[in-house]
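Questions regarding the structure given below will be posed in turn.
We just call them A, B, C, D and E in the order they show up, numbering each chain from 1.
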Amino acid sequence: MRDNQQLHTVHRIRDRLAQCLIYSAVFLVGAVFIWILADLARGGIMHLSWEFITESPRDAGRAGGIASILISTLLILCVALIAAVPLAWSTAILLVECMPAASSFGKTVRFSLHVLAGVPSIVFGLFGNAFFSIYLGLGFSILSGGLTLACMLLPILTSTAEAGLRAVPDTYRLSASALGMTRTATLIHLILPAAAPALAAGLLLGIGRALAETAALLFTSGYVERMPGSLLDSGRALALHIFDLSMNVPGGDMPAYASALVLVTLLLCINILAMKLAYGLQRWRIMT
Amino acid sequence: MNANQDDAFTLGPLEAGPVCCDPQPVIQVKDLSLHYGDKIALDKVTLDIYKGCITALIGPSGCGKSSFLSAINRLTDLIPGCCVNGNIFVYDQDIHRSDSNVQELRRQIGMVFQKPTPFPLSIRRNIALPLNEHGIRKQAEVAAITEQVLRDVGLWAEVYDRLDTSALSLSGGQQQRLCFARALALNPQILLMDEPCSALDPIASGVVEDLICRLQGRYTIVIVTHNLAQARRIANYAALFWIKERAGQLVEFGRCQHIFESPSHELTAAYVNGVRG
Amino acid sequence: MNANQDDAFTLGPLEAGPVCCDPQPVIQVKDLSLHYGDKIALDKVTLDIYKGCITALIGPSGCGKSSFLSAINRLTDLIPGCCVNGNIFVYDQDIHRSDSNVQELRRQIGMVFQKPTPFPLSIRRNIALPLNEHGIRKQAEVAAITEQVLRDVGLWAEVYDRLDTSALSLSGGQQQRLCFARALALNPQILLMDEPCSALDPIASGVVEDLICRLQGRYTIVIVTHNLAQARRIANYAALFWIKERAGQLVEFGRCQHIFESPSHELTAAYVNGVRG
Amino acid sequence: MFRLIPTDRLLIAILRIFAVNTVLVLLLILAFLLLESWPVLMQLSLTRFVTDTSWHPLEGAYNLMPMLAGTLLASMGALLLAVPLGMSSALFIVFYAPSHLATLYKRLIELLAGIPSVVFGFWGLTTLVPLINQWHPPGASLLAAILVLTLMVLPLITLTAYTALAAVPDELIHNAAALGLSRWGMISGVALPAAGSGITAGIILAAARALGETMAVLMVAGNVVQYPETVFDPIRTLAANIALEMAYAMGDHRAVLFVSGLLLLLLVMVLSSIAGFLEKQRHA
Amino acid sequence: AASQRLIVTGSSTVAPLMSEIARRFELQHPEVRIDVQTGGSSRGINDVRRGIADIGMVSRALKPNEDDLHAFSIAMDGIGIIVHASNPVRSLNPKQIADIYTGKITHWKSVGGPNARITVVNKAEGRSTLELFLDYLQLKNSAVKPHIIIGDNAQGIKTVTGNPHAIGYVSIGAAAYEAQRGTPIRLLALNGVTASVENVHSGIFPLSRPLNLITSRVPQGIIRAFIEFARSPQLYPLIEAHYFVPIDTD
């Protein structure tokens, strides 16, 4: 309280300094990222056309488009989600609704998920190759790629769903119980709808991860760039396509840019869609 | 005014004659002990709740009033690590017997919490959902009950034209009354209330208090409150809980007048006189 | 008992003679209007706060009492979209002048909020942090002030042996008193309190109320409360706010006795008589 | 009404079956990694992974240490850059930026968090590596790996730190302000300690991500197995090694790759237990 | 839909050619679907042995310990040293190359090039190109001091394209194909012998090898049909277009 004037001047300088550092860091980050995005957009937009989306790749991807690759990607994604979502969400529901946080079963599951969440994707790739491709004999196929991804998505989907369910106020459970409602009914009518935005957001995160994944698919779903005929065919995912074009195909930069642009746009669209969906769900829930 | 007319009560006549002239136990609690893991929340509480009366539970924070309420409708089942010993009889049925039906018990015993907790649904759905759960599904019947209970809590005039908007858009006092209505819809015989007014501003709180008074006689009511003036105004019986040796205990139970004016226990005297909530 | 001895107060003598015999404005609020975006929270409020007195702000929820307090120490600066018009003079200084020092202003004006909010640090750090910020860094000095203010709020006996444990491990009432101590450590002249008792149980609430009474005279106190009995018990002046035309307004201001016993405004009469919070 | 209780039982039974599967997946992964690496773990003594001359699987030299060093160096370098930048970004969003700018910047970061690692790798390969090459050949190097990893984990750190900071109750901030704390005093004295555990958790998550990142590093790090002497030397990380050689590895070579997978798994487990330990410390 | 599926995996040198052959084969046999995956010669052998693939692609002669497999040569290829097109060096002898790869020569100046450090590009272990190359130079891989390690031929070409001071070695077929497409790389002469398809064909070029298809059993049915198709003279133009040398099966 002595020298208040001087003290506050010191504070003001310290505040300014911190502010300057933070602003410059932010400026740097922003600039670099905008540089990357601009690079992608500039590189990709030239090559992008309707034909690029609707044609299959020719000449190792230098010509033609990415239609078959998009289809493969979607198929892999579908397999992964169909396999992972029920498992993950039921696990989350079990953990939150039916298990005391301290139960040993709950602890085991939570620990497994914790470890799974940190497992590098290439290790999932190793596992998928050894288990799905070779042991189960699925070979290089969309199915084994999708299932490998499903393993990878399990922890993400579970932990987001768990967080979402936990965020639903306990008062709903208590009031519903006090009204004599069963857990099942409480879950279906109250908790799941209340957690829907969180579930959707988690799903979205999972889709994002799945679309972006390369390493886990390298040895499971394979490289084949043709239109897949069945789930047992090998199919090249979009991220893998970018990898291949940029690493292995001289003159593949342009289509790689364009593919990257498509991938990023796709992720963006899914993002927006899911937000809308979550919002819509909320409205609908109130209306009925 | 039209609104006032709609506000009129449809509560039926008292079922049990003049209030509490002949105390008739509806809930009998015998040697109830309640632990949360190692923590003892209630230690050997024995208490009868009388039919048609309002019983107020008072006492300092953490003395186990809420725990006592939860034990009565077995809401404690939901709390991991919570362990209940002793007997509770509701209408002479031991509620802890393995063949007793918890859902039916909870239908019989309505509960209202401190924080208004409408479900994030429309006003209509808030009442219809528990009804459906209990097998009442006919549109007309549900609508009739909805109107009835909303009138009972004096909410009909305020919301009849927007039953399909979200219950969350109501004000705090309205939400709390909706919670009352939801509980009443199941036609319970007993109502448990855990500080139903304390999260509300004074005006809303007054409205809810009026409502409780008007429910007296038709329901057996157990209310937890920190507001001694309120307890005094509305209750017929009062029970004081206290924390002794780190465990909640029942110190004194008796007619409201007795507790507030000539308490037998010195703790009670100190509490009812000294507290400035 | 030793504890009781430690609990003894070290508050100094009153600075301003007998309380409020000669009202001397410390805070002058002139035509204060406050918006949150489009929402008008306060509309043209003019009010003087007198030195050494306790002024209670009462009124229904949402009438702008908290907003009024925040305007006085410019906490409104922190709220995006909040826009303040009109003049506030604290010790004859316009606080909205661009050359006024907000940090110094806030040091002069202590504030205690509804929810006890100790920082998630040790008890000692909770008090030391603002002191350090205001240039008091010497270990010994900080320790002395810490002990002093903890004694002032009657917390010293309870915590002197665990000053380095987390402040979050204290009970609600203790946390709130720690917040008082933290505010007092900066040696303010004015204390603003926003429902300091309403999140506490009755006993803790009583302790805090006592504390406030003991602070009277040494500090100029503005307190928001929903508890009219409390306002009546402790305040010298009272101001009633009300929501008119969707904006908070000052309805009546005067001596506490006047407001509660012979209010000039019919709204005031209705409010102070009808409310059963 | 009596039907309803069995519904609950059925629900729990079904949920349990699904949850058990989740645990099984982890066990299965562990089992297969062990199964596939069993031959070498049996034949070779573990010291071989440390003492062999270098990594020449076809010549029977299986030293994993240079790659472990590369992995750790790259991750730590990336964290060293990303933590200050990420924290600054989070503080900017929560405390400094005007609201519309904060939203915009957060959107940008969210967008970046979703960008696949190959895209960063690709950008690194086409832009960063040639740049570094002009400065100090060969370009593909530890430095490039660090920079690309920084770009990848930065959004992660920013978003977790943002979430933790945003979860600091407003009341705490208002209290701090009411005590006349300056902005930086408020941030460093109150907000950061209050958000501490969330921020640490985010950083550990980022570390795990950096350790396990494969494709982006594979594309820019040069992939030479060696202990780097300067940041301009190329390195190979464990994960990149698996991706690079798995396709045509046979016999012992393949098994050793599974061993390195196990090693990665171990690293991540160590990290998560550190995180768990920190968490416990805070709550104690 | 395809009722029969053939999986072909292995050498990245052969893969582009094989994809094209597979496409043509499918045109004739609509009921067949052929998936071509790359990874390296060892992967081809590996996958065929494990039964994951029906046919393996191997860009070298089989070794004695691989005589459980059946090999069918479809073309010849050479391995060429490549540098960036802006590099003035035209020719190197095996000694110089060995010195560059073992780190005894680190500057382009020492071999008559620009004033810059050499960036040595090596292949990852398990690639037959690497084996052949080391064999020819009589080096062990552990003696090589590379700056960048790459997988496929294409990656090698791409790396050299992006780095004016790099030196690498790839399939002549792939390099010539790319150079003809305008990619800025140059094939160096080895011991004065130009690295070209003609020289591989005539056998003067020292670093050459057969490109094989392998199976684990004697090929039957559709596999046999495919292998015969791949070796049939009607594909010679295609093979030549990929800058490989067709082998007269007769």
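Convention: a residue touches a chain if its C-beta (ideal position, glycine included) is under 8 Å from a C-beta of that chain, and two chains touch if they have at least 3 such contacts.
On a predicted model such as this, the values are computed, not experimentally measured, just so you know.
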Greatest separation from chain D - chain, by CA centre: B
Chain pair with the most C-beta contacts: A-D
Chain D-chain E separation of Cα centroids, rounded to whole Å: 36
Separation of chain A from chain B, taking each centre as the mean of its C-alpha atoms, in whole Å: 46
Whole-Å gap separating chain B and chain E, where each centre is the average of the chain's CA atoms: 83
Junction residues of chain B - those touching two or more other chains: 102-104, 133-134
Multi-chain contact residues (two or more partners), chain E: 151
Residue numbers of chain D (touch at least two other chains): 4-5, 125-126, 182, 185, 247
For the chain C and chain B complex, residues of the former touching the latter: 60-62, 172, 200-206, 209, 226-230, 233, 274-277
Contacting residues of chain D [partner chain E, same complex]: 53-54, 56-59, 61, 125-126, 129-130, 133, 137-140, 222-225, 234, 236, 244-245, 247-250, 253
Touching residues on chain C, where the partner in the complex is chain A: 101, 103-104, 107, 133-136, 186-187
For the chain A and chain C complex, residues of the former touching the latter: 1-4, 7-8, 11
Complex contacts: residues of chain A adjacent to chain E: 60, 133-134, 139-140, 222-224, 226, 229-230, 232-234, 247-252
